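What follows is a pair of complexes built around subunit A, which joins subunit B in one and subunit C in the other.
Take a look at the complex of A and B:
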């Protein structure tokens, strides 16, 4: 094996440059630390690579990890053999999931941080409180909203907890679908409001304003309107002069010294060389699947079960937020069409069903949101004819006469739902791939049923002539949300990280992505993840790297 | 050394397909056109697939002989030719009802091939400029639909907020420094039964009511 010349030690390594890794890179480098950031994928120019090309982005999955090079496997119970499946295909390139996301960025609720205190233990689930509360995150939610660029109306969501500042940008204009949703909400006494979007509608920080199309969701946005760390935090980190980005560099192991502290990483560079990079601190932001995999692959005499895994909890309690929905079909003889055609554009949502109501037969709840039904050519609704005259008739009748109301399923943590190393399947580097084992908790199934039925009811009030429910069947990872595989908490025997997302076992290892979430929340998680990554990075720069230690004590 | 032929080489499909595209024989093209016309019948102001040259689109997206068909439409040149030859002139000369029956047989017995054929025909047809113009002309709901959404978007055709709607969703909020916080007990009493998950938060003023317009 050929080895390249060993580069000099740096202050910090950030692995994975998506939503959270890029946040860490920005905050650490702006604080003056010398940072090297790694991403397995390329560093693309959005202007040159991105467009509204449906075949390129939707059919050929331009932004997805190549399933031949980076396979994952999935099984739905303990005894089945796991099969290859592109589970939760978050883009693996600089910018990560913010390259393809819809960018719905609602704030979490106070109840999300104390699910176990509020509900106790429910059978088959491992509910847990977070070691922080909403108030610890609020200043950072505001920082991300302003630095990253979020549009919305402060206060329109009447169930939102306190906030210190309004949004930097006005909300996206409503589609006709959105207006129908608001009308139905008003009739039903539901608090409908424009969901905050990671999209600017003004020249915030010199960016392009939104051009009123949703061909950024699953596509790459060629403009700078959509908030993508590739075009925001990454260039800001580079501008400090303290940040070096190494793309197409695959980190395969975190190394540890005799003292059990992390010394750095081993990675494979774009020329195929194995390189060792040393640092004082290693920060992981690969997403909850790949961060867990990297920790599990980093075995050493001190950590035979994987780095930072003395609790045995790395990879466990994985949650994934399946997207479930109801479709409403309108009648073109009677109803106004729902044009303009802007793609899979969402403009309204509500938190009306978020908090637990025991009359519903399940605990927790989720954000729901109204949108169009996907892409112009890959346009589909359940039960649509497949070909021939009946398909042509359906296309003519329902194109732009259909909308859906979806829910981000607030799935319960279950210890046996987990990410581990597949015993047989290997990636292009010969390393074991992530195997996902997931079986929904009974509460997930009940919540999906109740919420999708409620969504169908709203569609009917909105004027849909026919509604089609799509409930939770099995977890497929269709939201690309990943959490829980390295929970934070106060007990080192039951959790992987402390309240600063710092490994209980390895004091210079931090995990800033969704791995740290003790419970999944019922909101799109990226805003929460980025705010948390900012909070942790500030702690690393201001406290930890100065040799100090602080702890959060919750009032009791 | 890691084998780079596994990683960076050939990791992305060529944009716009493979040029110059697979050149089907006249007989093969006739079969493909006949199948496409049954999969998506024209009429009522819409052209048939054979009238808008779906063939040249498909020819560019079918992986040429020797290239692994690892991207949509997951069709290789060799397989496509064999399939079209098997259907042959007999398929072209059949009545529409007979052709539909043959396709139904393929859908049942050769589901994978059928699905790939259907998907690529569908994509070819609905991406043709003539078809997009027919949509603009014939469907009220598609009058402003356009071939490429970027970079111009739909700002010119999207409604703006109207005052009534905007006032309904426009809110106010309480700044953090104006909120009187309550300490949240770290160990709230645990219950075994689910209960209302409302966290009380006292404020100097009541939280804003949903604004009524």
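Take a look at the complex of A and C:
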């Protein structure tokens, strides 16, 4: 390995520049800290590199990680052999998953922060309360909604907790399948409302949201309609003059000094040189799988089991949500076309079935929503005939006559569901890959069945003549949501991070992505993650870097 | 090393009318063209044959020159470094899958009908595909029913697929892809299912291509979301 000249020490290193890392880079550099940010993926230009090419974006992994370069392995329990599987393939590049995401950004609910207080212990799960509450996050939810750019209608969601400010942008007009969803909800007494969307429809902060192509979920957006940290927080961080971005640079270890504090990182630059970068504080935002992996790879005499892992909890209690849904087919002889491929993926949804209802026989619930059925090659019709006249007839009859309603599974934390280092499989840099061990909890299976059946019922009320329910049979990570591998909490023997997402073991190591989530919540996590990253970054800049320490005490 | 962010644009869009073979032998070309025509058959509408699916598959299998179209569709990206290595290895495996698969398809055809696959009639070809796939030929979709299925993955990648599954997927891709990749000639696939589609990828980058007419024209949020009225 060649070694390049060591650059000067900086105030802060941010590893991973997706939703949360870019938020940290912005907040820290705007506060005056000198920051270097690393991403293993490219620093693309949205306006030059993105267009409506289904094959490239959806089938050939232009943004999804190449499974040969960035493999992962999956097994369902401790005793079975792990197999290569592209589990939770969140794009690895500057902007991360905000490049390709649909951009669901509902607010979390108050109940999400206190699942254990509400339900006690349930067998086989490790429920926990968060060391913060909704009220601690609310000001930062508002900051992200305004600074990042979110469209929605305040007051439309009957079940939303307190908000201090409305949205900066109006939602898109409804799609045809969205209208069907609202109408069915109204017949059933359900509060359907436009799901808050990480995009703007106005010129908020000088943006030019011209993209009305309907190429949205999984595609990059060449306009600035989509709220993507690549086109928002990253340029804002760069504009401070305090932020330097090193892309296609792979951080392989966080280094520690004799005193057990982090000294910086070792990374491999695009030419294959190994470089040491020192900093006063190291902030991880790689996502819950890769942050856990990097901590576990950072072994030292002080931390033989991985950095910040004296509790042995790094990687454990991993939760991933899973997208489960039902598709409805309509009759072209009777019904008007639904054009399920049109729109920016997201449409109407509801929190009607989110909170626990003991009559259902399980705890928790899900946000459900109607969304796009997508484009010709991959349009979502599970069970579609594979070949022959029936295939051609099915595409011709139903491509424009289908809609879907789905749920993201509010999965329960289970200690044995975890991320560790695969003992044999290596990535293209020769480093051990993340191995996922996961088996759904019985509550997950029951919840997904109930929610999918509810989706099918709404489709039937909407007029569907055939429904195709897709139940949970195993966790595949198909939402790219990752949480819980470095839970935050007050007890250093049971959690990895404190309420500021600061390592209990290493005071200058912070993890700002979903790793800190004690429980998965039932909402798409990115808004919560970004708000939390903002909260933590502000603490680093305003309190920790000034040599002070604060703690949050919860009432009651 | 050239970064992924700086991949050059080389070559030009694939000509769907080309009869030049970059990967297949003549026999392989004819076999794949015939098999694709049974996967998406020609009826009162054009099928895989007319969409030039065989050109799409031939170019894809030829190496790593036709993996990612340039964003504007003016040519293809020149892969570098580890990405190029990964794709080269992957395409080597897929080439082998096709070479072996075509031989195996012919073996079934010869065994059952004493002819190569491409020389059989359509119904005989269907019987061979049925035997080869190990499952009955799919029947029509019927309304008035419910069909439960298992896990769903976003995005279908072809790595590691057996020959028949790969061929079905690639036929579908060649029928519905952006025409820059050599298939979906004259947007035939899009037309028959009623997808408007952009004239060129470039039109999706600057606002030229718009689908707003497929949204709801007139609406009132207070009607769609009655709670708004109550809250107000």
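We take it that the second predicted complex is superposed on the first by the 545 of 556 C-alpha atoms of A that agree within 3 Å, B and C clash if a C-alpha of one lies under 4 Å from a C-alpha of the other, contacts with A are read in each partner's own complex, and residues count from 1 in each chain.
One rule holds for everything that comes next: contacts are C-beta pairs under 8 Å (C-beta built on N, C-alpha and C of every residue); 3 or more make two chains touch, one makes a residue touch a chain.
Please read all numbers here as calculations on a predicted model, not as lab measurements.
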**OP:** Identify the partner contact of A:392: answer first if only subunit B is touched, second if only subunit C is, both if each is, neither if none is.
**Re:** both
Subject >> First (subunit B), second (subunit C), both or neither touched by A:43 >> reply: second
**OP:** Go through the superposed model and pick first if A:135 touches only subunit B, second if only subunit C, both, or neither.
**Re:** first
Subject >> Contacts of A:467 with subunit B and subunit C, given as first, second, both or neither >> reply: second
Subject >> First (subunit B), second (subunit C), both or neither touched by A:119 >> reply: first
Original post:
In the superposed arrangement, which partner chain does A:457 touch: subunit B (first), subunit C (second), both, or neither?
Top reply: neither
**OP:** Answer with first, second, both or neither: which of subunit B and subunit C does A:155 touch in the superposed model?
**Re:** both
Original post:
Taking the superposition as given, does A:507 touch the first partner, subunit B, the second, subunit C, both, or neither?
Top reply: neither
Original post:
Does subunit B (first) or subunit C (second) touch A:186, or do both, or does neither?
Top reply: both
Original post:
Looking at subunit A, which of its residues have contacts with both subunit B and subunit C?
Top reply: 50-56, 59-60, 62, 66, 68-69, 153, 155-156, 158, 173-176, 179, 182, 186, 191-194, 210-213, 215, 222-223, 248, 270-272, 337, 339, 341-343, 376-377, 386-389, 391-392, 396, 399-400, 428
Subject >> For the subunit B and subunit A complex, residues of the former touching the latter >> reply: 1-4, 6-8, 11-13, 15, 38-41, 43-44, 46, 61, 70-73, 100, 103, 107, 118-119, 122-123, 126-127, 135, 138-146, 148-155, 157-161, 165, 168-177, 179, 181, 183-188, 190-199, 201, 203, 207-210
**OP:** Please name which positions on subunit C make contact with subunit A in the complex.
**Re:** 1, 3-5, 38-41, 43, 45, 47, 67-69, 71-73, 82-83, 86-87, 89-90, 126, 129, 133, 137-159, 165, 168, 171-173, 176-178, 180-181, 189-190, 192-195, 198, 201-202, 204-207, 209-212, 214-216, 219, 221, 224-228, 231-232
Original post:
Taking the complex as given, what residues does subunit A use to touch subunit C?
Top reply: 41-45, 47-56, 58-62, 64, 66-69, 86, 153, 155-156, 158, 172-176, 178-179, 182-183, 186, 191-194, 210-215, 218, 222-223, 247-248, 270-272, 322-325, 329, 331, 337, 339, 341-343, 348, 375-378, 380, 382-400, 428, 456, 465-474, 476, 478
Subject >> Complex contacts: residues of subunit A adjacent to subunit B >> reply: 1-2, 50-56, 59-60, 62, 66, 68-69, 110-111, 114-122, 133, 135, 138-139, 153-158, 160-166, 171, 173-176, 179, 182, 186, 191-194, 210-213, 215, 219, 221-223, 248, 268, 270-273, 332, 337-343, 355-358, 362-364, 376-377, 386-389, 391-392, 396, 399-401, 428-429, 553-556
